[in-house]
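Just below sit the structures, each encoded as structure tokens.
Shared between the two complexes below is chain A, which pairs with chain B and chain C, respectively.
This part shows the complex of A and B:
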């Protein structure tokens, strides 16, 4: 990788690590994981399912909070505090700046996911040791596959953050658009399926149908990364599926970064 | 008196007041929840998209709500009404739409539907849904078979599902015997024979194999006797009154011995049965 991009990624990563928000998010995720030690006992037999549900949800929630707060702030801080001028005065192109920032944010997400996964592994192990009888269907591989899929989603969302921070002028708008993309991305598949199933009953205008079709291609389908239910039941995912979501994640991020780069190179920084 | 000295006093008074208010609110809230308990669950058409990627944990939460609400009724020995049935059905449908593999939810609903609410059809419908997803879980067809046999007195379907359960990995060996016994009660000898032959192929244990062979032998004799009864009916245009009439008509040499030590008998409907009920006679 280009040394300049790498050094910018490392700076972004270090800047993120220093932010106290990260500790708050980590503490919150830890609390949810701790909750699984208590709540699991209320269920009948499928304690492994409940434990995995809570722990992977905590990892996801922690990761999302990090993107919505930390990633958005790290991107907008440079513009708000005008520190971007000092960066761009160096032999950096705007595209390199964006890519460097993106890799920094991805590194930050990776570190957070690794940390949270380590803690949730310990939590699951603790519950498993407490109720070994109810963990017969449990599969570690399925859990790690689900976490990996979540990380792929974080890559896409970080690219989305980069894109919106180049388009908008305020961090609040970036946050709003990123959250909207996340919600639409999570629900678009279900909405399309629902419409297809109910097609004869619901009379949709051609315009609405076209909008839904376009949305399907423009907005990332984030539900493809949701493997939590399968992981909770110890159902592993095929390598071809994992490969396909990995490619989807990388290509979508690359495309959106290219668009961000085009917009950013034409943007007037005042 | 300075303000700094007053602060601890005010704090203690505030804490006492807080405790009093909290206790009062707690009591009021209990009354409120008893009067207005939200015993409904939104259908999955709404809950599904709203839960986004947290469907698993939302299904856990909804299930916890159901077991707490209905568990309290079970604890108090309260009778279940139509409202409870509707609540349970809607909730379990939503929960299993969110997580279609959630066996605890299926089983909890099955138990309540069959034993407490007398809604066996609803239980079977739910188990059929579970069967689509938990394809390798012998418990799903086992409970289906049990419901048909025990609650609906439908031995044919009971045997069919228990046979299915016996073929799935992890199923206890006795399911095979149970299935043939059920099909025997249902007088479906052919089905029982085919099923047992398949089971022998997958069984390593010699003792169990011997057990199955004996059962096949008895079922085959009964099947052959029934064929002779049909032959007799074709020739004489009437049904024989007993199996000895088949001997008199020259269709068989003698009424065969039951390998279990009982006696084969002819029922009024033309089917052959044994007094041993396929249990070894002492």
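This part shows the complex of A and C:
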């Protein structure tokens, strides 16, 4: 990678990793995982499913909180506090600036996911050692695959944060649009499938159908990254599926960064 | 020309009322290699807007800008440029060393030269003892010093500084003056705006006075030296005859709330004093410690406003 872009990614990462918000999010996720050690014992069957579900959910929750608070904040602070003047006084093109920030945010998500996965692994291992009888169907690989899929979703969401930071002038709007994208992205596939199944019974206007169709293609389909249920059942994911969602993440992020770059290159930094 | 700005204008539109605000109008300027150019002007004159257009942060509505022969939109135009924004703000959780390392590497400085250059600058800016502290714990003056180091770390050929003395104590201000004089000695080019007129007068080869978005005057060092034999007479009030005579003889006259200042060449002193006596105005003081740039600045602002 270009040394210039890398240097920006590194300071974005350092700025984020030293932020106290991250420690708060980490502690919260740890609490949930710790809780799973206690709560799991209350269930009389399928303990492995409960443990895996709670732990992967905690990783997702921690990662999402990090994106909604830290990633949004790291982008908007540059614009609000005018740090961007100092950064762009260096020979960065606006596109390089966005790419540098994006890689910094992705590095931050990667660090958070690694840390949470480590703790999560220890938690699952502890429960597994305590109740080995319930963990016969348990597969470590399926857990790590599910975590990897969550990380791919974080990559997409970081690109979404970058995009909305360039089109809005307020961090609140960036946050609002990112959360909306997440919610729509998680549900869009279900909505489309429901409409397709119930099509003859529901009379939708052409306009509504068009909106749904556009939404389906514009908003990222984030439900493809939700592999918690499969991991909880000890079902590994095929390599081709993992490869396809990896490609989907990378292509979607690249396209959205391209649009962000077009918008940002025209933006006046007053 | 190292730096050329030709007939640029810029108008901003307010968000809600869509009202147009003229920031810069028909601004032209050329700066040669090794020249130190200062822009002075009241708040809202458009000084920072000019510097932002020069750095490519905003685009002029019309006109052309060339920075080291390149368009400001071209990132390579900023490769040999150091910039200090007004009231700089940096990443809270980084320390000065990390910040300067980023600045140096992003500017394309060879990594093996970075450390020694950072150490040299931090020592010069008296930030050596705080170099490992996070920037959020820095005072305003320390941030300003770090910002100056950020702009200079890669030894740029052109330095653009927006209010470099802002927030600095007298020692800090002297440091900035020394740094700029050192740049001049090494053949570097600098463009900066400041409100500290005495320093601008001392450092700059040329000074531009900007009022209401226009560059009203460009003063050579010799223009300022010519006026060094001026005297200043402070009287309690102004009379129509006094005003007429000042206008006729090209003496500067400024009316302030408590007094009136008249500036005239030394050889006209007796004539001016006689006139004051005849008009029965009370002479408060007479001195020759005239800040020539200040007088020109005030006169230009007044002319522009009227």
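In this text, the second predicted complex is superposed on the first by the 270 of 270 C-alpha atoms of A that agree within 3 Å, B and C clash if a C-alpha of one lies under 4 Å from a C-alpha of the other, contacts with A are read in each partner's own complex, and residues count from 1 in each chain.
Convention: a contact is a pair of C-beta atoms (placed from the backbone, for glycine too) under 8 Å apart; a residue touches a chain by one contact, two chains touch by 3 or more.
Every value quoted in this text rests on a predicted model; they were computed, and no experiment measured them.
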Three-chain arrangement built on chain A, chain B and chain C clash or fit: fit
First, second, both or neither for A:89, with chain B first and chain C second: second
Where the C-alpha centre of chain A sits as vertex, the angle toward chain B and chain C in the overlay (nearest 10 degrees): 170
Which superposed partner A:8 touches (first chain B, second chain C, both, neither): second
First (chain B), second (chain C), both or neither touched by A:53: first
Overlay on shared chain A, then closest C-alpha pair between chain B and chain C (Å): 33
List of chain A residues in touch with chain B within their complex: 39, 42-46, 49-50, 52-54, 56-57, 60-61, 183, 186-187, 190-191, 194, 222-223, 225-226, 228-230, 232-233, 235
Footprint of chain A on chain B - complex, ascending: 45, 48-49, 52-57, 59-60, 63-64, 67, 98-104, 107-108
Chain C-facing residues of chain A, complex: 3-4, 7-8, 10-11, 14-15, 18-19, 81-83, 85-93, 96, 268-270
Contact set on chain C toward chain A in their complex: 12, 52, 55-59, 75-79, 81-83, 85, 87-94, 98-99, 101-103, 105-108, 134, 147, 150-151, 160
